[in-house]
Amino acid sequence: MPSPLVAVLMGSSSDLAAMQPAADVLAELGVPVEVRALSAHRSPEQAIEFARSAAKNGFKVLICGAGGAAHLAGVVAAHALLPVIGVPLARSLGGLDALYSTVQMPPGIPVATVAIDGALNAGLLAATILALGDPLLATRLRARREETTGKVLASDDEVREKGSRLLD
Amino acid sequence: MPSPLVAVLMGSSSDLAAMQPAADVLAELGVPVEVRALSAHRSPEQAIEFARSAAKNGFKVLICGAGGAAHLAGVVAAHALLPVIGVPLARSLGGLDALYSTVQMPPGIPVATVAIDGALNAGLLAATILALGDPLLATRLRARREETTGKVLASDDEVREKGSRLLD
Amino acid sequence: MPSPLVAVLMGSSSDLAAMQPAADVLAELGVPVEVRALSAHRSPEQAIEFARSAAKNGFKVLICGAGGAAHLAGVVAAHALLPVIGVPLARSLGGLDALYSTVQMPPGIPVATVAIDGALNAGLLAATILALGDPLLATRLRARREETTGKVLASDDEVREKGSRLLD
Amino acid sequence: MPSPLVAVLMGSSSDLAAMQPAADVLAELGVPVEVRALSAHRSPEQAIEFARSAAKNGFKVLICGAGGAAHLAGVVAAHALLPVIGVPLARSLGGLDALYSTVQMPPGIPVATVAIDGALNAGLLAATILALGDPLLATRLRARREETTGKVLASDDEVREKGSRLLD
Amino acid sequence: MPSPLVAVLMGSSSDLAAMQPAADVLAELGVPVEVRALSAHRSPEQAIEFARSAAKNGFKVLICGAGGAAHLAGVVAAHALLPVIGVPLARSLGGLDALYSTVQMPPGIPVATVAIDGALNAGLLAATILALGDPLLATRLRARREETTGKVLASDDEVREKGSRLLD
Amino acid sequence: MPSPLVAVLMGSSSDLAAMQPAADVLAELGVPVEVRALSAHRSPEQAIEFARSAAKNGFKVLICGAGGAAHLAGVVAAHALLPVIGVPLARSLGGLDALYSTVQMPPGIPVATVAIDGALNAGLLAATILALGDPLLATRLRARREETTGKVLASDDEVREKGSRLLD
Amino acid sequence: MPSPLVAVLMGSSSDLAAMQPAADVLAELGVPVEVRALSAHRSPEQAIEFARSAAKNGFKVLICGAGGAAHLAGVVAAHALLPVIGVPLARSLGGLDALYSTVQMPPGIPVATVAIDGALNAGLLAATILALGDPLLATRLRARREETTGKVLASDDEVREKGSRLLD
Amino acid sequence: MPSPLVAVLMGSSSDLAAMQPAADVLAELGVPVEVRALSAHRSPEQAIEFARSAAKNGFKVLICGAGGAAHLAGVVAAHALLPVIGVPLARSLGGLDALYSTVQMPPGIPVATVAIDGALNAGLLAATILALGDPLLATRLRARREETTGKVLASDDEVREKGSRLLD
């Protein structure tokens, strides 16, 4: 079994359902992932140790999902020199607290933030980053995007037809 | 069948229920419409091609509904020199994200934004624009507005009566 | 002198500087406008009378700018069956109060809202509406948009050159 | 039957449940009220006519509840020189749009705004205003407030007891 | 000298400039006022004592301006059975904190809230309340409003003329 | 029975469920608490009297939970020279009104604010303060935090395993 | 020189002016403090090491000020079992991002949050906590609060006098 | 001269000062960049053409800065299968409109969003992505981060010393 290239971290195991789309889309694209529940506040030593050793353990991209005062992505980014993707989770205030805590990082330590509850896009962004050095993955990503477009076009046909019936 | 004058576009077929009132009120007023699911991000070429050829295909007004980072109206307005009406849809943050993405357009490229989930008003606004050149439509619009007023007045009678009974 | 087709209304004469771009761009495009200070709250009878008689006085589109609890566009729209364009002005709360008051109209009475302090786009939107029945204006609008694009492309050349010098 | 001193107005009959506490508390305090559904946008002439003739019809205080771009209180205040109490209703954006539209009135035309969905307090505020000239009503209001305090004190006893059991 | 009917309270003497328009307009209308700096948090005993004895000291309406966690109006309303008008002051967050703290009062204890930094309207609202029992004040208020309308109409003439010159 | 060191106050008995975690965690840590429903607005004299006599009654820390225009913590802090912990409760606007009313206190009168609906953390914060002078409590707190970390680590094992199965 | 009991930490030396009132008021009250610039993101190892050893180094209370995605207080609280006071600093979004990042901590790890830019209150809160075990400090705090009240009462006299002159 | 690997795009040449830190830090790290002003709305064809051909022109990462209804990053991401980094610029509403428009992308098309006005971090994020395939760049990035930490530690010494002097 290949060693994981992407870690999908979350601040609490109750975030698993929200973060699963990140792991799923990476698995679908053939990218090995590791899924972990590591809290910036309640298991900080483990979270920091994970971040510090991530590069030498072979990880290339780290995805971090958290809600509320969502510090996980920032803490991980402070201890790892890898691309860190933050997923703000909507546990309170519609996710605004998690969004601001994740995206408003100070100069020097970036976090690549995706939409509130946007785990799927976090997985796709990780894959897009990895695809820069993996032509096969780039091909799979392109096929997936074409499939996405195909679905929208198919739904356009349905909507158009429903629309014309509405107007009969 | 007359060729459509108004297009009701939406970023995803899952927006159909939210956008249907626009098509319905236009149909009710006798304005031919076309309903389409075209995504600014997932089927961008089709969305842009639709916008570019809209005027020469006979469209007069384009209604665009989208949620989240709702770029559809702006993208359509960038490629078409027709009145573009934006309908922010409440998929996240109560619709604030879609509202700001739709209404805060830069100088040069206006989008006529209606209320969050305000598809009915988008349809009425489109009809009001078309009515400038269509006296029959203007008459229908006026009749519809009088009907709207009539309904409020009828409900006023009911409320007044209930109110007086409350106080017995 | 041709009779005005567009009215640029504002809730207070102190809004004149903010609303002038609407009148200016319409004048530039050859559309005759009338500029008025009519308050929904402090001169309501005059505002309502203006709205009620606007259509028969030859107006085709009404632009209304107001700040705070910006009721002007809504009040005008309640009394006129013409396209009403609302411009929220940033007098408090960064303009959010005016934006919500202008855009969140109830079903039945639409207001076409543009960006906070977006008077220029209000003028362009009015012109785009009028251009549906005025091919000469459509041509002028298209020329203006091409000019806008030209300016961006010229600035792109400058930025690109500055950028390459930055990197020397 | 005494002629009404307070009017409880709402923008739509669908607001009746939200506004009923205002009428109920006034009835409880012996203040005759009239309940009306009058829309600032959909039946503007009736709303304005009501406001203009309110004082001469014997009304002393006008309560106006509305949601979204809640213009009703402002429009009524523009046409009546009586205390106008605004109740922002939470139909969208948690009621923030209605709150800002109601409270952010321009200098010259005040609206006395209460909490989002705060119809009960609107009724109490109206009664407090009327009590300035009605000692019997003042006595009733004082009794009601003492009753309110009594209920809180009784609940304090319950909470204290439950709390001490929690800690056994 | 007549004893004051309205108190203009503020949480800090640094709020005097913001609250002065309330006192000024009341003085202009011939209503005797008392101006006080009483903090809900830093001089709570004096603030509460003032509220408790306000009615028996002849006050009819209490105006309270405060910024930040603006508790003054609520605390005063908890201790006085008079109409209490709250003026949220914009010391932080554009005044949103003060607005919410002032307007979102619990059922039972209303505060009549005016716009952020809306001291002038607080004064006018107090006068409108007093005018219910003072026909001379009602006449002065009506004259003042007509004057306000007159100023808007005069500014309309200026704006209209400037507008027509802009278009030459 | 030991006399209580911490008071858990709430503005309404309907807040009991939201505030119970504060009392529970203190009880779990062996800290005697008293639970009270005292409203800053509806039973202000009792609330103030409680605050004024809290220190001499042996209380060391006061926890205050309230929603809406949540003045309770501020009012208590104005009358007691003890650490006051505020818990904003999400009754409206997602709790933003309560958060701002609780946290934005003026210079001189601090309130230690925890998360919206964060009663558990209020209890832990109170215990952490008391533990400065109580080594046994400090030991219990440390054990509880280690237990918290242990739970996260156990959930990490589960999540990791589920994650690896997802990818089979 | 006595060893410091309170640490005033900030995420960047550019926050010194904003955080100085915390150190100043503690010094004024005779509480020895240490002032440090330790970034949760840019010098995370030093920040964590400081937090971990704070208790054994004799610190009793830790004050942490930071702006933007203000993680400092949360990170320190995750590594220290001492009362941690968070001061959100207004570097962007009026301080809302820092407020949410500081206050919305997850269950288990509290941060005692004060107002945006509320360093003075952070110092006072720290002193109030220490005063539980230091009667002399409690006396100084009480004197300081009385002085604060005295200043408000003096300013009340001035305001009252100015107010009465306004009305001459 | 090496062909550029990163493009720094902005919606308007007036954004150059805000976006320059992205280009500067990349130049400092030895990454060749191209700086462009391409508007999603005013020069859409050029923006789209740039995005479509970016990969085949050798670009690896695209940085897009825009304010208001900031559609640039989303439009570029819709037409390019490369990592797209969005920088929301604070031109209105404190940058909230640009933040939401940039970050709230729909499933399928991610944008890696950094802080409002966070161009420096956009450059660092791009470099971190490129460093996955460029060990020399990884070394430079690590050196730069150590330098950043060193600056914070040096400022800590200064702050500590100033702090101890404050307390003399």
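By written order: A, B, C, D, E, F, G and H. Residues from 1 in each chain.
Please note the rule applied: a residue touches a chain if its C-beta (ideal position, glycine included) is under 8 Å from a C-beta of that chain, and two chains touch if they have at least 3 such contacts.
Keep in mind it's a predicted model, so treat the numbers as computed, not measured.
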| message | Need the graph distance between chain A and chain C over the touch network, please. | response | 2
| Which chains are in contact with both chain D and chain F? | E
| request: Name the chain whose C-alpha centroid is farthest from the C-alpha centroid of chain C. | output: F
| query | Taking all residue numbers at the chain F/chain G interface, are over half used by both copies (same) or under half (different)? | reply | same
| field | Interface copy of D-F among F-G, C-H or A-H, judged by whether over half of the contact pairs recur | value | C-H
| request: Would you mind telling me which chain pair, A-H or C-H, is linked by more contacting C-beta pairs? | output: A-H
| message | Using Cα averages as centroids, what's the distance between chain E and chain G in whole Å? | response | 34
| remark: chain C to chain G, mean C-alpha position gap in Å, rounds to 48
| request: Take the average of all CA coordinates in chain B, do the same for chain E, and state the distance between these two points in whole angstrom. | output: 41
| Which parts of chain C, given as residue numbers and ranges, touch two or more other chains? | 12, 39, 42, 68-69, 92-94, 96, 103-106, 108-109, 111, 115-116, 148
| message | Run through the chains and report each pair that touches. | response | A-B, A-F, A-G, A-H, B-C, B-D, B-H, C-D, C-E, C-H, D-E, D-F, E-F, E-G, F-G, G-H
| request: Quick one: which bits of chain A touch chain F in the complex? Just the residue numbers, please. | output: 8, 10, 12-13, 16, 20, 23-24, 27, 32-39, 42-43, 46, 68-69, 92-94
| Can you list the chain C residues touching chain H in their complex? | 90, 94-96, 115-117, 148-149, 151-153, 155-156, 158-160, 162-164, 166-167
| request: Would you mind writing out the residues of chain D in touch with chain C in their complex? | output: 11-12, 39-42, 44, 48, 68-69, 71, 74-75, 77-79, 92-93, 96-97, 100-106, 108-109, 111
| query | Once bound in the complex, which stretches of chain E touch chain D? | reply | 60, 81-83, 85, 99, 103-116, 118, 120-122, 124-125, 128-133, 138, 141-142, 145, 148
